[in-house]
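Common to both upcoming complexes is chain A, partnered first by chain B, then by chain C.
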Partner chain A sequence: MTLPSATLLAQSALSGLFVGALYGLIGLGLGLSWGLLRTINLAHFAFTFAAAYLCYQLVASTGIDPLLTLLAIAPLFFALGVGLHWLVQRFDVSPLNSLLLTFGVTAIIEAAIQAIWSADFRRLESHYAQAKFKLGALFVPVPELITLVVALTLSFGLWALLKHTDLGKALRAAAQDAPIAAAFGVDQRALSLLLAGTCAALAAVAGVCLSLSFTLAPSQIYAWVGVVFAAVMMGGLGSALGPLAAGIVIGVSEALTMAVTAPSWAPIVSFTLLIALLLLRPVRT
Partner chain B sequence: MRPLLAWRRRALLAALLSLCAVPVPAQQNPVRIGSTLALTGPLSATAQIHKLVGEIYVEQLNKRGGLLGRPVEWIVKDDQSKPDVARTLYEQLITADKVDLLMGPYATGAILSAMGVAQRYDKLLIHHTFGIPSLAKYDKQFPAWSLGPDPGSTVPNTVFSALAAVGKTPKTIAVVTSKFPSLHFISLGAREVAKKRGIDEVLFLEWEFGNRDFGPIAARIKDAQPDFVWVGAIGLDGNLLIDAMKKLDYTPPLHFYVYPAPGPMVQSADANGALSVSIFEDHPPLNTPPVAAEFTKTFRERAAKANLPETSVEVQAAASFTAWQMLEAAVNGTKSLDDKALAAWLKSNKVDTIQGKLRFDGPNNYGDDLMRVKQVQNGRWLIVYPPEVAAPGAKLVVK
Partner chain C sequence: MKRSVIVALLAGFALLAGVPWLRLPAFYESILYLVLHWVLLATSWNILSGYSGYFSFGHGAFFGAGIYTTAVLAGKFDWPFLATLPVSAAVATALGVALGAVVFRARSVRGELFALLTLAVTFVLATIVLNTPIDGGPGIYLSAVPVPHLAPTQPGTFYLLALVGATGALLIAYVVQQSRLGVGLFAIHDDEDAAEVMGVPTFRYKLAALAISCALAGLAGGVHALFISYVTTGEVFSINVPLTVILMSVLGGTRHWAGPAVGATVITALLYAFTKGDLALAGKATTGAVLIASILFMPQGILPRLLSRRPALAPGTAPAVVPSADAAAPSPASPSPTAAHGTTLLRASAVGKSFFGVQALAGVDIEIRRGEILGLIGPNGSGKSTFINVVSGHFPATTGQIQFEGREIARLAAHRIAHAGIARTYQIPRPFAHLSVRDNVAAAAMFGGAALSSPKARQEADHWLAFAGLADKADALPVALNLHQRKFLELARALASRPRLVLLDEVLCGLNPSEIDDAVALIRRIRDAGTTVVFVEHVMRAVMALSDRLVVLNHGQLLAVGPAADVMQRPDVVAAYLGTAHAAEGH
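This part shows the complex of A and B:
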């Protein structure tokens, strides 16, 4: 067996870094919703793809820059997220039942996507779809780099917000003990709607980034569920930085596995890492 | 006068009764053909093509007078891309809907399920695109996709013969493949055939179906620098790999994809020169015969109306159309709807189809491998080998 070259390893690691950033970006809103709202929002994946399709449509029909579509798409999904969470609150849906409810919403969104754009593959064409530059011996694709920058910015921004602002502290307090937080004047209901909207808007951002690099099909919604859930669980529920860090660890591990051994071993990596982490990490009390 | 009046009344009554004895108008007694298709779920993109073809065929068939002088009604149910659902629905079609005939579903897994049900009820099953001929053991199943009984050997041989015909037999090969069952064995066959032809294998990789990151695979192909890349791709895998190679500023001199998503690949600017196999493409000489000409024209119109990204007839649409042609030929040949008689007729007769003359007397009712080599040239799939079915003036182009 010949050893892979340093360039091959570095290029593969870079590829893993980029796809890991996307895992983290999709997982960001999912993890916050799960950890802070106690809603396991499977519809997050459907929101991601619905946003990707909307971006595709807006770019195809108007020719505007894909990132500019966020000006319309992010507020729209914020409102959708608020609406969905209002329903969850209104009917006092438990975390387990939220899984069922949002699975139903996912199926409805998938059917709607298929009805509008058909089941066939759609590819967003943008002026930087094929843009890349060379960094030493490595090729750096621009759309993936954008995804990485967006993921880093949003993850660190939300981490800072949750850690250092009153709003963040109120959100964390409400998640930890809602009645006590309310006793201190935290409007848990309004905050949870705000957070649910933000999570859905984050799904929209992830969707736009997804559309920059991947071909879209309605059934692809489910292709991301396993690995993104693994990233969220490894990164910690309610954590802003965790899913990104875990996503990158998974992405790079998978990529290096593909570079060194049979690529068919790569999917084993994310779940092996997850199991190992769940077994070995210190128990939180 | 009374007896005369009575006689007239009796005559009138007899005439009325005789009118009742006239065969029921054809519209009231259709031949019912049942099938399922993956109208939702991961396989629905391709199943939409089969649905459209079925609708076109049944419409045209009814204009020709239907089957045995009766109109044809096609009952199609959604198997949700799930073989277990397909099995249940085929049971329903036979036992509850009581259809006269069956037509196969889309995709190998569902076809295998339907085959089991058909076997249980001793029904004829003509199917469109079954990918693993060695598993087609039921004696009343008939393939419309002319893969031949051993595509793991014949398909790679056809591809290497096409390269040899233009003097470009590769010295080195990289075989990279999805582990998707319908194509994995063909890729393994390509390794064997390449070895027999003295081609040096410099890379062999396998990935699980559903792989998202093709960057490392592309980097390994680039590192290996093969003359020829055999990609065991199905659906989007081919596009994803081409994109990943492009991001590394690399295009292999020759690259072949077993079952690419035809629309996205032909629309990709970076796929120019990509090779694949096909039984039919929408260009002369294959689309010249009147039946093919009418079908390809209608399909283009309807596909555009249905907002399908790819509006040309290619493998899936042609196999689907062929399946209906086989069913019609067998019914007309036997003047019967009896499954046993239809199966016997198909086994002992050749059927003229838009992909060529098909026979079903080989192992597992497979006949000749009619797979042809096609190439993306200037945004179109063109058959480039063998010369007798190649697009006018088209030749395999090597970078």
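This part shows the complex of A and C:
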């Protein structure tokens, strides 16, 4: 095994950074929902793909800028997220059952996507698609750069919101102990609906970013589950910055593994890292 | 254990074993195979995950280990197919036991973290299989492997193999649920730490359940390898396997041995009711909708809903309840309680415990004498509860020795300490939420020092429930009890193991004065029956009324020991409790 050149390694690390940003972006809403709402929302991945397909369709039929489609898509998914969480609240679904409930939602969305757009691969055509520029010796693709910037902005924005605003404090309080938070005047039901909607809207943003640089197929919904879950768990449930940081660690380690060995070895680093982290975490008794 | 269930299962097997000779179209035999295949897989998953609450997302790894063992042995080394099946089960079991031996030792890997870890193991295994000669990338073809002629047709043979596996899995699931292992796993499901302290060997039980689960999954994989006849890592180790078995089990009901089988049958039938043409999509969507509806309207699963009552731990009606608390004379805990009265029962020497550098106990020496009631008092944070936690094994001691009846117990696992004859209550009651009040107490009788069989344990439970005045609540779930009753349930649970030493952690806290009087009388009766009592308490009226001797702790150190009246006169004790100014005034 010969070590590849520094440029190739750097280029690999860069592409790992970009794909890691997408892991983090998809994981952002998933982790907030899991940590703060105690809902393990598998449908988050279906939302992401449904949004990606909608973006693809809007661009294909009207020719508008993909990022502008968010104006229509984000509110739509906000409403979907609110609706789904209303069900979860109404029927008092436990965290594990929420996983199954949202698996059912995923199956329905997957079937709908396949019925509308077929099982074939679809690729968004836009002026971004091939755009890239050179930074020193490295190529920087524009769609991936957009994803990174969006992921950074949203993660830091939400982090600041949760940490410093009254709204954020109320959300965190309600997540820790809903009845006590309610006793202190936090309208927990409304807040959690707001958060669930936001998480779904985040899935939509992630979906639009996904459509910028990846081909779409209904079966791909499940391809992201493992690695994004890993990013969310590594980053910490309910954390806004964690998934992005962990996503980037996973993405870069995968890309570097691919560069020095074969692409098919990629998962081993991130998942071994995850297992080690889980086993060696300090125990709080 | 009902013989009728086992007979019914075997009769069902005999009946269904004739199906291949009906000469159904191959299509139907394949569907029936798939139903049984998923019954086997879902049931195997449930034995660990449903019973103990350790939700595994790694079932694909164990299933995949079975698939690849058969694929490699039969496809690459030309082993006869049937000979590969035991090896498949063995390889999957070895993988599971190796994983469990590491993971189950980590106290932090529970709940969703366990789910994630097992999922990660699946992906690591898939990567290794893909990149080594086990698979190497192109997948393994098994089309040249001869299918044994167990039935007139090939699908019939697979059907028969799956039928054997599914029947075996159901039998095992039933026997496990009815056995000590099952009761222990259900206790682990609700509160693992409390289960361990009560005497459940949690590590061993989890490992045993995982091993059974893996062996069955490996067997299912071995059969399935030849059924699909072409295996690839992408298909085998996908997230679909764990998601599907979880789905089926939860749909059917994870707390019942037959729940996963019901769920597997419903889902497989649904999926294949729509196999023709464009209906496949409708089938997928319908499955999703059914799942949503069942989670919303039957969160406990189909089977418990149909049976409309919780499955009991063991069959049989409750024995006659002893009339009242006062009439119930507790049976002696040890043969001759008075014989050794006053001798040392437990000696703690220089016992210390620190948490991340904070010293909760700084080397205390405490002697507990047979037959006494020892009050353990001190200001908040003085180390009283820590002492109880260390003696009961809830936390291991950092330093020092503890000798109970001459035997060193400071380094023993908590369940061994329970077996040795020490029981405890928790300050905040920790009943097993999904077990009835009677089963809560019966579990203690089964796993504690008494180590009774299941029917005897239930009689014992009724005895102690009557003693604690909870006889009329025996069939209720703990959630239906108020705080007072839950504290008494804790007591009944501790006593049901017939301990020689019982540690009571603030049983009186939160009770009103008349309830306290009841409790004081109850504690006296416990001692009169021969059990030595150590109790941590803040209610001074009760402390003075009950204690033969007092031990006062302050800042993790021993401040005073002696008869209650003497100790409470000492200025340093008064100072510790009320501050130095008051201590000075008193003199």
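Keep this in mind: the second predicted complex is superposed on the first by the 281 of 285 C-alpha atoms of A that agree within 3 Å, B and C clash if a C-alpha of one lies under 4 Å from a C-alpha of the other, contacts with A are read in each partner's own complex, and residues count from 1 in each chain.
Just so it is clear, a contact is a pair of C-beta atoms (placed from the backbone, for glycine too) under 8 Å apart; a residue touches a chain by one contact, two chains touch by 3 or more.
Please read all numbers here as calculations on a predicted model, not as lab measurements.
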item	value
Chain C versus chain B on the shared chain A, clash or fit after superposition	clash
Chain B versus chain C as contact partner of A:P267, first or second or both or neither	both
Touching partner for A:F91 - first (chain B), second (chain C), both, neither	second
Which superposed partner A:L278 touches (first chain B, second chain C, both, neither)	second
Touching partner for A:V105 - first (chain B), second (chain C), both, neither	second
Touched partner set for A:F139, first chain B, second chain C, both or neither	first
Which of chain B and chain C A:Q130 touches, first, second, both or neither	first
Contacts of A:G16 with chain B and chain C, given as first, second, both or neither	first
Chain B versus chain C as contact partner of A:S239, first or second or both or neither	neither
Touched partner set for A:Q114, first chain B, second chain C, both or neither	both
Location of chain C clashes with chain B - one stretch out of 81-89, 117-125, 135-143 or 369-377	135-143
On chain A, the residue positions that both chain B and chain C contact, one per complex	111, 114, 222, 262, 264, 266-267
Residue ranges of chain A in contact with chain C within the complex	34, 40, 87, 91, 93-97, 99-101, 103-108, 110-112, 114-115, 222, 225-226, 229-230, 233, 237, 262, 264-268, 271-272, 274-275, 278-279, 281-285
In the complex with chain B, residue positions of chain A that touch it	4-5, 7-8, 11-12, 14-16, 18-19, 111, 114, 118-123, 130, 132, 139, 141, 214-215, 217-219, 222-224, 227, 251, 254-256, 258-259, 262-264, 266-267
Complex contacts: residues of chain B adjacent to chain A	40-42, 44-45, 47-48, 81, 179, 205-208, 210-213, 215-217, 219-220, 223, 236, 239-240, 244, 246-249, 261, 263-264, 267-268, 270, 306-310
Touching residues on chain C, where the partner in the complex is chain A	55, 102-103, 106-109, 112-113, 116-117, 119-124, 126-128, 130-131, 137, 238-240, 243, 246-247, 250-251, 281-282, 284-285, 287-292, 295-297, 299, 355, 395
